[in-house]
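Look at the two complexes coming up: chain A is in both, with chain B in one and chain C in the other.
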Partner chain A sequence: MKLDSSRSLLIRLFILAVVVLVAPMTLISLRAMGEFEQGMNPEMDKKAAAIGRDVAAQVDRAVGYGIPVDKLVGVEEFFAPVLTANPEIRYLAITDKIGRVLFLRGAEKDELEPHYQAADLEMSSAEGIKASIGTYLDLALPVAPRGNLIAHVHVGFDQGYVVSKLHDILYDVLVVMAASLIIAFEILLFVVFFNVTGPLKLVGEVVERARHGDLSHVPGGASGDEVGRFVRAVAASIRNVDDLYRQLMAYIDEVRTAHFDKGVVEKVGDVEARISFQFRFSNTGKPLVLHQRRATDIRLPLFLFVFAEELSRAFMPLYVREVGQSLFGLSPEMIMALPIAVFMACIALASPFSSRLIDRLGARRVFLIGLVPAIAGYVMTGAAVGVIDLVLWRAITGLGYALVTMACQSYILGANHHSNRSQGMGVFVGAVLTASICGTAMGGVLAERVGFRATFFVSAVLVLLAGIVISHMLDSAAPPAAVAPQPRRNTMRLFTNWRFSVLMLFAAVPSKMALTGFLFFLVPVILTQGDWQVAEIARMVVLYPLVMVVVLPLAARLAEYPGWRIALVALGGLIGGGGLLTSLFLPSELSMMIAIAALGLSHGLSASPQLAMIPDLCWTECRNMGQTNVLAFVRLVERIGSTVGPLLAAAFIPVWGVDGAVVALGGVVLAMAVLFAGASLAYGTGPHIEAEEDLA
Partner chain B sequence: MSWSLARKVSVALFAILLATMLTTAVFGYYKFEDVLSSLVRSRYSFVVFTIKQKVEDSLNLGFSLRQIRQVQDVIELEKARDDQIHGIDVYDHNGEVLFDTDRGVMGSRVPARWLEPLASPSGTAGATQPFSFIDEDAMVVGLPLVNSLGKVEGAVVLRYPEAYLERELGNLLGRLALEFLTVLSAFALAGTLAAYVLLRVVGRRLGAMETTLAKVLAVGGEAVPNPNADEFELRFAEFCDKSREAVEQITEASAEVERLDRLA
Partner chain C sequence: MRRRDILAGLAGLGAAAACAAPAVAAPEKRAKPFRIYMALFRGWEECAQGFKDYFTNQGIPVELIVRDAAQDKSKLPEFVAEAKSLGVDLVFTWGTTVTQEMLGTIDSVDPTKHITHIPAVFAIVSQPVGSKMVPNLKSSGRNITGTSYLVPIETQVNLIQSYRPLNRLGIVYNTLEKNSVGAVDELTELGKQMNFTISAVPVDLVDGKPSVTTIPAKVAKVKADGVDFLYIPPDTFLNVNRDILTQAALDQKLPTFAAAENPVLNSMALFGGVYRYYTVGQLTAYKAEQILVHKKAPADIPIDPPKRLSLIINMPVVRQLGFYPPMNLLGLAEINDPDARP
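So, the complex of A and B:
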């Protein structure tokens, strides 16, 4: 195990976490399922008995009027509504004394009759006799007017019904377990980086300097554990050497000033020069304390923050519908889409302002400032009384979201040298995606149990927790991120670069339109129409980040080859648009699943290459405006797509219905993707940068 | 209070385990309760449905609801079959109780809330749909009684205790809670032990390096790294040697300066 590498330690700890979490959860879940099944069976029996008794009473009455059992008319028609109203009951039957089926609805005669004839039902009590027949549980109740057994009523229920009902519980358990494992991983990552790898990397840095004779720094930030003790021991040894050095220097100074013999002064000077040649000490009077920013410092708070936002992902439009249905004559669909669009618009508008604020105040402060509107936004969204205030609170949440995420990005950029910035951004994307997976899934489970409003309050608590973590972790005295101030130019001029414009308008914008318009807005609306529960909708929505997690690293690797980038972006667009059109050919739920997976695949394929293309397409703009400004502008333009998406989808619904809206949105996205694919063929021709001369 | 690495990791693991198990248990139990309560509700709804059918058969023969005396026998028979049933009431569209398993309340009026499900405009589905609500400590399931002309004549409702499920599930919950605590304790202990074993290596190696540093600085000599040492430990050994070298050089230099000072 390498001491200053988190990988091996993390793997061991994660295996431990998996064992410690999965084994007891599996054990207790299986036990609980068994108990739940046993708990449900008596109720199933009681219900079957209630139905059987009623049927037996009807037969008894008919026989009382003198009609022989086998001559009863319309019995199967009488069974039909009972079976329809009670889906757990699979069949109803009446047999004669020797088990011959007289009337049956819901099953095949051949399946049941041999069992009835073989069974000894003569002695059946008034409570009935239960028997297992294939996949059915059969309850036989006697029809015995005046104590004379003439027939049996059979009520058959599905043995798998209880199990199918328990499946929902199992899905919830699996969701919670998967989310817990991800959270466990994030927390262990934090514990290992913060307590082991981080301090040891710092020691490694100091040791590396000291090996070359540089004793000017000591590692900072020692905790109370073994690693902290070790860090203090290393620091103490360097301070010890530093003290000896300073005593020597003081002595040399004393000899120099007090001595009259020039030869001695010269020799003492030689000693000083020799020591100074061999070793380097701090010239501030004591060793400097070395601190280091790491991208991973910010990962846990970022994870918690995004997790909080994702909790409402699967039900936001449904919540809006619950809060209010009328606003300035807008259609109900437009009202449902509005808070999502406003949230995205606020992020877009607040992002440039956030960048400037970070330059002035530093990432930590802006993160903490951003938590205020975020917490207020979640609390007030949960307490919203109408659509207008809900939109306002979502706007405020969007402001907080922009401040916090920009602060995180800035911190990560400041913590990583230019060469490993992509690695740093990998930390950002990793935290966002994992938070997206478990936040969305947990949000569905949570909302189904505690309701939409309470889920927003949980989001507020999580954001507060993120604030507590960040305020404890990042040193308040730490200077703002060491990001070089970027020259500011009119970024709108980027649109004079046609390649950039085409990439933005026909690839980036439609991709975000599909994300917010389809996934964030249409999916919950459509699935809820199909009587899907929120937890089920959430499980469906989670497909998107899950597919992305798988595809993204592969696409990122391919994006390292410039030749692949345009192809991946074009292919991603076509897959995303094409996926949305599957509802033309397939049933709604299946097409939904395919469309979501296709969207995940599309974004997984195109996200990294799209970003990687920017410096290639806009190299003069990046030089003149600064790459950070150009990338911030890219984000801004993308957010326009995010804002337009839900509004466009909502506008389509009154015209074509919800399924039609998916197709229409897919049509728009696909058409733009085709245009991009066509235009991308010309990327390699003509003058490379048209705007170059203007800007230079 | 200083916490060792193992303690930090164990506490983190225990917190995650506890939160996960509690969340799962709470969500799982309430979901199960939902499923079971809907099953119980549907059973009682069926009982109500059979009574409704019998009453409506008579209504269709032209009797008024008040005249169908055999309803009292029907509802008493159903109550006698299930001791969990609090009571069954049949009331007219004005809210007057016409038949009740508790004969003492016949002639009284039902709460206004019980009339709400009947208030939907006649002819719409709302007026004929089953309804259920919680009334004080009882769950109420009911069905409107509709004559052959589609007019709502009243309703039949069945009351059963809200705490029915809790009573039914009390033992089950007790057993599960005990098992939950046992499993939680066992795995928390196992996790703690495993964390100590896993992180002892880190502590031991750091401790060894710390001892080497102290020894080299105090006694002198060369730092000898562990045979299985990784790159970090090898570099640290070099650091120890460099530190010792610095101490020796500076001490020698100090002695030299002192000697020069004394010579003069």
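So, the complex of A and C:
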């Protein structure tokens, strides 16, 4: 996160926000959880007793009809709905008089039987006997038709159930707290940059110019507050000086025309020359108003927008499955993957169109235009009735997403035209990553508490907020500097540069394939099969941007040394592919965690160097076609990978199952990474090779 | 899946009203009761009782003129004449034979031989459409209506499968009765969809009549054919000889499923999925009430079964066979257990 030069102020503000938000939230959460825990235990006891009595009564009835207790039929099927309806009950069992397990569902016989046989249940009262067996809490209720004890019904609770429920809530609270903090901080950043730091920097710039004698500009965009008054005061002072200058000039002219004394005219001419030498004034008759576009201005709306999209990150395939399961005879997996792929494809297809639109209308208007399909897309996705319309709504959302994110990038590039471009892109990536962390995690919590559909409506509201911010903010800013549209050439020619092609096909494309195919599609599908809650899935998915946010700045720094770039890209590819293959020899959940973290590490390592390599690899092309066009083409090719990823993963599932699909996808990614590493080792790296090529 | 549907359906049915009897405002006391001519075939039984009780419970005064043909078809023309001469308000007919003979089928109705001017309700007709009593179940198109009482055959098979998996189903049947033959055809067809096979063995005919004495041998033959269950179709001959049939099955250790309640309640069939005769009688009386009290035309009243399906399990047979019902089924079934312990 680039905190700019007002770092210390921001840090202090952030600490203030933490103190103000965290303390009361922690207090309230702790109290609520205490009450939850107190209320939960007796409730669980009551429930166990009620369920146990009900089961025992039915066993009693069956036995009463003369069915021997060990000959009962369909007991497991009889237990199943009870266990499904009451997730806190881990098992149900029936034991005979001497504690042998006759029927059991939900636990291993060996765990329980020794205990039952050791326990003296003969004397058990109608209320039953409670016992602790390992991690279970066992309630034994007697089955005694006509007072003759023949069996026991056992209800087994997970002792950790309350604790795990509490953990779930705790995680949710933490996620919400962390996300609120980040949101608060984003708003703070925005307020500070937009209202205080920005105008002050502008004034600073003007004053700095004035110090060097340049009085041609006054700071613009003054607001109604103290800062604005200050800005106006500075502007007024400069205008004052400017007025005096013009009066002086007028007087000099007068002297020149009226006096014929050569000495006086010469003297006056000297004065004028001295003034012109030492000071610069606007030659339009009055000082020009200086506006400055800052990359940070766009950060909050961009954050809100990406936040909205990320809300559904952890559950999109699950939502698709809920909405509809059949479409043109496609496999259910393919149907789940389809909206993700279509969304990505739409972004890819809409990107060239978006950049042309931005050239014509400017970033701000394209941002606002893009909000329309985005909002409509989210609302309709939330109200989708079938797969076909869901795919359509996602396509529309993708169009909006392309328009808005491209507009933001263009704004940032325009804002940093003269200064550090990579710092500007840092703002973009920073906003996207923090939004991804908050959005994914919050989305999981939201989906679990209010449902999938309502979460999409929240997305729509967030996008609307982004729109409100941007329309207010960029109102006052100057119209976009007319960027001369770059000539468009046949960018496909780039593929004739084989170094470029290798980078694209064996590094950029597989890395996106892994992202969308594995993280966006397979992870929710697999984890939900393991009975994971949506909020838990979301917390898992968040690992990816979390690791990335840590690694990215380090890798970006390393990428400044050209020698490191190709190595980082190769290493990233190998780590990402290797991570996916861990499920071959590790338990599913652990391997999943490793794979996600590895993917974050992989992309964190390779993203910046990959981008930084382009101008080196395509030195001539960049000069001929324009770097912007080349980079846009890179994005387009990457998005092909994004589109193929989920479809490929979905195609693997019927063949090898979901876990097999992860391995297969990992195999593909790793194979490509190995090829890339091999190619880069064989043909070397380093700037001098490129330099030689350039000369050739 | 199918099995769970059935169980859920049963559970739902348990909560539903016993029959379609709505809360009808008690009609004003009539000095003269309605006169209903009840033509029965096998004597006074549960359906007739349900029919009668409905009027008592609803406070509708009726005078019932009860006649029993005692399975003798030749008596029926006398009944027609008597009902006409008495000038009753409504005729109630029991069973396919009585209904066909007294009311006439759609293609053979004759005002001289059948009752046409007096409205009539029928009950315990296995296939109202198949036996040509009505063109469809929505409307008879004439001066009669009635109830059906057979559980759809697919539902019956689902019930059997919810007891134990079914691969091969045995039927001993009477080729002279349409009900039996129809059931064999339907089950053969259904078996193709639901993946089970049929072993159907007809009872021998002696002098053009089905022979009672051959029943045990036929049951043994079916058993030897490796069936999982013996299916008892709604057949009068088998119903009359149900004790011999079910005893034979019991001797062969063959579980039996009955499409009607008698073999389960009053004999030794293992279980059955039925609409209770008593409930059918009540529903028939409700339709009679619509005609007599609410003056609805019989043609406007559809022919339908009761809402509530009963799964009856015959516990003494269960114990004898040691062939126990699954817990889930037990929870939903009506248990017939005369020597139940307290």
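Basically, the second predicted complex is superposed on the first by the 510 of 696 C-alpha atoms of A that agree within 3 Å, B and C clash if a C-alpha of one lies under 4 Å from a C-alpha of the other, contacts with A are read in each partner's own complex, and residues count from 1 in each chain.
Note that a residue touches a chain if its C-beta (ideal position, glycine included) is under 8 Å from a C-beta of that chain, and two chains touch if they have at least 3 such contacts.
Only a predicted model underlies this, so the values are computations on that prediction, with no experimental measurement involved.
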Task: Have a look at where A:Arg146 lands relative to chain B and chain C in the superposition and call it first, second, both or neither.
output: second
Looking at the overlay, what does A:Val196 touch: chain B (first), chain C (second), both, or neither? first
**Prompt:** Looking at the overlay, what does A:Arg356 touch: chain B (first), chain C (second), both, or neither?
**Reply:** neither
**Message:** For A:Asp261 in the superposed arrangement: first (chain B), second (chain C), both or neither?
**Reply:** first
Of the two partners chain B and chain C, more of chain A gets touched by chain B
| message | Between chain B and chain C, whom does A:Arg449 touch in the aligned arrangement: first, second, both, or neither? | response | first
Q.
Tell me the contact category for A:Ile67 with respect to chain B and chain C: first, second, both or neither.
A. second
* Asked: So, does A:Phe230 touch the first partner chain B, the second partner chain C, both, or neither?
  -> first
Within their complex, chain B touches chain A through residues 1-5, 8-9, 12-13, 16-17, 19-21, 23-28, 30-32, 35-36, 39-40, 42-43, 46-47, 49-50, 81-82, 168-169, 172, 175-176, 179-180, 183-184, 186-188, 190-191, 194-195, 198, 201-203, 205-207, 209-210, 213-214, 217, 230-233, 235-236, 238-239, 242-243, 246-247, 249-251, 253-254, 256-258, 260-261, 263-264
Contacts from chain C onto chain A in the complex sit at residues 315, 318-319, 322, 324-331, 335, 337, 340-341
Counting only contacts in the complex, chain A reaches chain C at residues 58-59, 61-62, 64-67, 71-75, 77-78, 145-146
Per the touch rule above, chain A residues touching chain B in the complex are 1-4, 9, 12-13, 16-17, 19-21, 23-25, 27-29, 31-32, 35-36, 38-40, 42-44, 46-47, 50-51, 53-54, 85-86, 88, 165-166, 168-169, 172-173, 176-177, 180, 183-184, 187-188, 191, 195-196, 200, 203-204, 207-208, 210-211, 213, 215, 223-230, 233-234, 237-238, 240-241, 244-245, 247-248, 251-252, 255, 259-261, 264, 267-268, 271, 274-275, 278-279, 445, 449
